[in-house]
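Shared between the two complexes below is chain A, which pairs with chain B and chain C, respectively.
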Partner chain A sequence: MRIKKWIAAAALGALALCLPFDTASAGKLDAYRNMLVAHNYTISYENITPPERIHNRDVVDMTYSFGRIPTPQNYAQKSYSGMIVAQGEKRYVEVNYGGESRISLRQADKTFSFKGIAKKDKVEYKGMNGGKEVTALKFHPENELLYGESFGTSEVSRLLGAMLPASSIPAGLPVYQYVGAGNLGNGLSYEDYRASSSAGLEAIRYYFDGTKLVRIASASYDRDEKGNLVGHKCILKIKDFSAVPDASKLALPENLKVVDHSQQDKGKKKHGFGF
Partner chain B sequence: MMNKSMRLFGAVAMGAALFLSQAGAEAAEKDAAAVEASFHTPTCVLMKFSDDTRFKALESNERFSDLVMEKLLESGKVRLQVQTPINKDVEDMLYNERSQEFIDAKRAIESGDLSAVFEGQAFSDETANTFSTAEQGQIITPSLTGRIGKENEAEYLIHGTIVELGKGAWEDMDFKMGMQVGATVLNNIPGLGIFGSIASMAMQNSHKNDEGFGVVADMRIIRAADGKVVWNKRASVRSKKTKNIGISIYSKDSAELNETDYVKALEKAAGTLVGDMVKDINEHRLSL
Partner chain C sequence: MNWKKIAAVFMACGLMTGAASAQQPAAESYQNMLQQGKFQLEYTYEGESGLTRITTDKGMRLVDKQPDGKDWNLEAFAAGDKIYQFYYEDKKQCAKSLPLNLLGSSSLSPDERWDKKQQALSLPDELSVLSWQDKWTSHPGSLSAPAFTGSSQRNVDGADYDCDQYLCDIRNQAGGVSGQLAYNFLYHEGKLMKVQKYLLHQGQEQLLATLLVVKLDGTVPEDAFASLDNIPLYRADLGDINDLLDVPVQEGTLGGSINAH
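On to the complex of A and B.
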C-alpha cells in the first residue's frame, strides 16, 4: 500500500514537471515586434535617465541624429516622456519635457513639426517659430531606409528599433540577438538582447508583467576620446504599448495653418526636424 | 486630625511643585534644542561647476563657480568649509570611482550574465548616471560624496553645470506690444486727425532689437553621507542690451557685445540660482 502511494506521488511529480508553468519565453516580445512592423500602435513612455548632452565638438554620427527630435536647450539633460502613435502611413511622435513638447506628425507623404505648450489644463499648439503656421515638408522614405525609423529621441529610437526584425534594420546599424529570458523575484519576467558593433557593446532587457511590457533597460559601453571605457544606462518606463492607435493624435491641431512646401522641398529642411 | 490633614496636604503640594518644575525644565530644554536646530547653518563645500558647452576654452565654469561662491557667502544661509571652490573635476572623480564597475559589467554582458548588470545597484531608478544628469531624489555614488564630505568636514556638496552658453539677438516683444497699444490709442483720439494717423503709423513700425548672452545653468545640493541630491534647480537667463532701436526717423545702434556683457550674464545666472536656493530655504521647501 505504501509503495503504491510512493508511485502515485512520483507520477504526480513527473506530471507536474510537464505542466506549462508561467516561464518566460522569447514569445513575449513578438507581439510588440509585430505591432511595430504593422505600424499599428500607441506607445507611451517615460525616460527617467536623461542622456548626457552631446556637444558639437564630438564626432557627429549621422545615424545617431538624423530624423531625431532635437532636445530644446532649456531641457537638456532632463528626463522626459513621450508618445508615438502609428496607423499605416500616419505617424505621430511627441517628446514631452513637462511644460513643453516637440511633435512631429507624418500624414502620407507630408510631415509637420510643431510644439505644444502646457497652459493650466490644456495644451496650446504653435508652429516651430511660435506662430500659428506650420510647414508641410516632403516625407523622404529613403532616410528611414538608411538611418532607421525615428521614434522621437535617439535613445528611444534605438531601444524600440532594437525590437524590429533583422530584415527591418538598415545595413550598418547593430542587430540585436536574443540572449535569454527568465523570471525575477518581484513577479516580473524578462527577455534579454545584445548587440556588438564598432559603436560599442549594448545589452537591452525587456521587462514584462505577465505578457505586458512595462520597462526597457539598456546598458551600453563604449570608449571616450581618451580611450577609457565608459558605461551608459537608459531606463524607459512603458506606460502603454497597445495595438490600438489613438486616432485623435493623427490629425493636425485645428488652430494651425499649413504652409505647404512639400512640392518645393528639394532636401532643404525649413523649421522642422522631419524624417 | 487637623494636623495630619495639613501635613498630608503639604506633602501633596510639595510633590506637585517638584513634578511641575521638572516638566518645566524638560520643556525648556526642548525649546532650546528647537531654537538651536532652526539656527543650524549647514556645512557645505562648493565643487567647481562642470562645463557642458562647446566653449570650454573660455573656462566659464571657473568664473561661474567664483560668482556662485560670492553669492553663497553673501546669503549667509550656508557655512562654507573652504572659501574657494574645490578645483577638481567631479565627473572625472565619479568616473574613476566607477571605472571598475564598468569593466565588470562589460565582462558580465559578454559572458551572458545580464542579471548581474540589470539587477545591480547601479541600475536602480534612484542611481544617477553622472553629476550633470542627477535630478532631485537621485543618488550619486555615496562612497565618493562621503569621502569628499569627510575630507572637508562638510555635510553637503554644492555642485552645478553650465548647460548652455550662447550669444543671441531677439526682438523686444514688450516694446513692440507697448508701441502697438500706443498706436491704437493715438489713432482713436478724436481731433488729432491726420497727425494722429501719421504718429500712429510711426509707432506701429517701430522696433527694438536686443542682443546679449544667454546662460542655462544647473545647481544641485548633495548630501555627503548618502549621496542624495536634496535640491536641484535650473536657471535660464538672458543678459540683454539694446542692439538697435528705430522709432520713425530716429534710429540708434549700440556698441557690440563685449566681455562685460558676458560676465553680466554669468553673474545674473549665479544670482538667480543662489536666490532660488535662499527662497526655498526661507519658505521651508529646502531643509538642510
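On to the complex of A and C.
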C-alpha cells in the first residue's frame, strides 16, 4: 500500500517535472512567436532601465553589431521607447529618446535611415544630416542570416530575438531554453527562458496579463576582462504587440526626398552559379 | 554489415580529394602567401572608389587607405602584442596604442572605436576564404568554414576567367542551413583578378559584392613600413584620471624601433 503511494507520488512528481516542457510548445508566448515569424505585427515598448554608466566618456553605444541602431550621444543613459512594424518585406524600426527618434525603414530591397523630431503635437521627419534628403541603401539580407534580426537597440534585439524559433536564430548566438512558467495572481502569469554558456548567463521572464504580453524582464551576468561577474538588468514594458501592422508607418514620410544609392551595384552583370 | 556505407564514405572521400585537386594551381600559392603572413594586398570593390592596402610582414600588419588616388592615410597597425590607431592633432600625425588583451574591455573609451580598428586589420571577407584562420579576421559563429566546390571557365564582363568556387554555410540554432555564401574566385592567366560574393537563399542567388584585386603578391617592399616614422605615440584612453584631465600619456614614438626590426 505504502509502496503504491510512493509510486503514485513519484509518477506525479515526474509528470510535474515534465509538464513545463510540454507547455513549451503550447505556451502563451507562442502566439507572439508566430507573429514574429510571420513578419506581420506592430510592437510598441518602453525600456524603463537605461543602460548603466561604464566609462566617463560612454556617450555612444559600446556594443557594435550589424543592423542595430546606435544610441545617439546625448541619450546614452536615458530610457527610451520604441516601435517595430513589420509586414512581409516592409519593416519599420524606431527608437525614441523623447524629443528625438532614430528610424530605419526597409521597403523590399531598399533601406532608409532618418530622424523624427517632436515639435509640439506633431513629429517632423529629417534626414540623418538634418536636411530633407534621405539616402536609399541596398538591403543586405545576409546580415540578418549571419547576425540575427534587428529590433532596434542591441538589448531589444536580444530580448525579442530570444522569442524566435531556433531555425530563425543564427548559430553562435545564445540559445534560450524554456525553463518554466507560473502564476503570480491578479491574472498575471509568466514564462521563463534561460541561456547559459561559459561566457555568461541570461534569464528572461515574459509577463502576461491573461494572454496579453505586458512586460519582458531580463537579468544577465557575464565576466569582465578581469574575470569578475558583472550583472545587468533590462525591463521592457510592452504597450502593444498585435498582429495588425500599422500601415501608416511603412511608407516614407512625404516631406523626405530620396537619394538613391541602392542602384549603384545594379550595373553589375549577373552570372549564373551552377557548374 | 555496412560495407555499402563504408564503400560510400570512401567514394565520397575520393570525390572530395578529386575535386580539391582541381583547384587553380595559383590558389595554393595565394593560400600559402596569405597564411604565412608575408604579403602586400591592394583592393577595392566594384562601384567604389579608393583603395585599401594591407601589408603583412614579420608579424606586423599595416592597413592604409587611399581615398582619392593620391595620398595613403594610415588606418591601423598591429605589431607584437599591441594594436595602434592614428589621428591628427594640430595637423600633426599622432598614434595611440592598446595592448591586445584589453580589446573589448569595458573601460575603453567608446570615442576611440577600437572595435572598428580591429576590424580594419582584417582581410576582406572574400579573401579570408583562402586564409580562414587569419589572426586579425573573425567570422560570425553562424558561418561555416569554406569548402571548395569546383572549377569552371567563365566569361565576366566580356573577359574569360578560370573560376574556383567556394561555399560557406550559414547555420541556424536548429542545426539547419538558412543560406549559403558563394565566392567565385576569378583568375586570368594564373593571376587572381576578382572575387564575386553571392548569397544563395530561398532558391535565389544575389550578387552581394565584387572584390577587385589590384595587387596581391608575396614580396613586401623594403620601405613598406616607412610611413610609420617618428609618430608621437600615446596610450589608449582607459577612463582614468589622465583622461578626465584630458592629458594623454605619451608612451614614446612609433617608427624608429619598429622599422629596425
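Please note the rule applied: the second predicted complex is superposed on the first by the 220 of 275 C-alpha atoms of A that agree within 3 Å, B and C clash if a C-alpha of one lies under 4 Å from a C-alpha of the other, contacts with A are read in each partner's own complex, and residues count from 1 in each chain.
Everything that follows uses one rule, which is that a residue touches a chain if its C-beta (ideal position, glycine included) is under 8 Å from a C-beta of that chain, and two chains touch if they have at least 3 such contacts.
Please read all numbers here as calculations on a predicted model, not as lab measurements.
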| item | value |
| --- | --- |
| First (chain B), second (chain C), both or neither touched by A:225 | second |
| First (chain B), second (chain C), both or neither touched by A:108 | neither |
| Which of chain B and chain C A:192 touches, first, second, both or neither | first |
| First, second, both or neither for A:142, with chain B first and chain C second | second |
| Partner chain(s) touched by A:179 [first = chain B, second = chain C, both, neither] | first |
| First (chain B), second (chain C), both or neither touched by A:168 | second |
| Chain B versus chain C as contact partner of A:235, first or second or both or neither | first |
| Chain C-contacting residues of chain A that also contact chain B | 55-57, 230 |
| Chain A-facing residues of chain B, complex | 52-54, 95, 98-99, 101-103, 105-106, 109-110, 112, 114-115, 117-119, 122-123, 125, 129-130, 132-133, 135, 161, 163-164, 166, 216, 218, 234, 236 |
| List of chain A residues in touch with chain B within their complex | 48-53, 55-57, 73-74, 76-79, 179-180, 182, 184, 190, 192, 194, 201, 203, 205, 217, 219, 221, 228-233, 235 |
| Residue ranges of chain C in contact with chain A within the complex | 46-47, 101-102, 104-111, 115-116, 140-143, 149-152, 154, 156-157, 165, 170-176, 178-179, 181-182, 184, 196, 198-201, 205-210, 237, 239, 243-244 |
| For the chain A and chain C complex, residues of the former touching the latter | 54-62, 64, 140-142, 145-147, 165-173, 175, 224-225, 230, 264-265, 267-273, 275 |
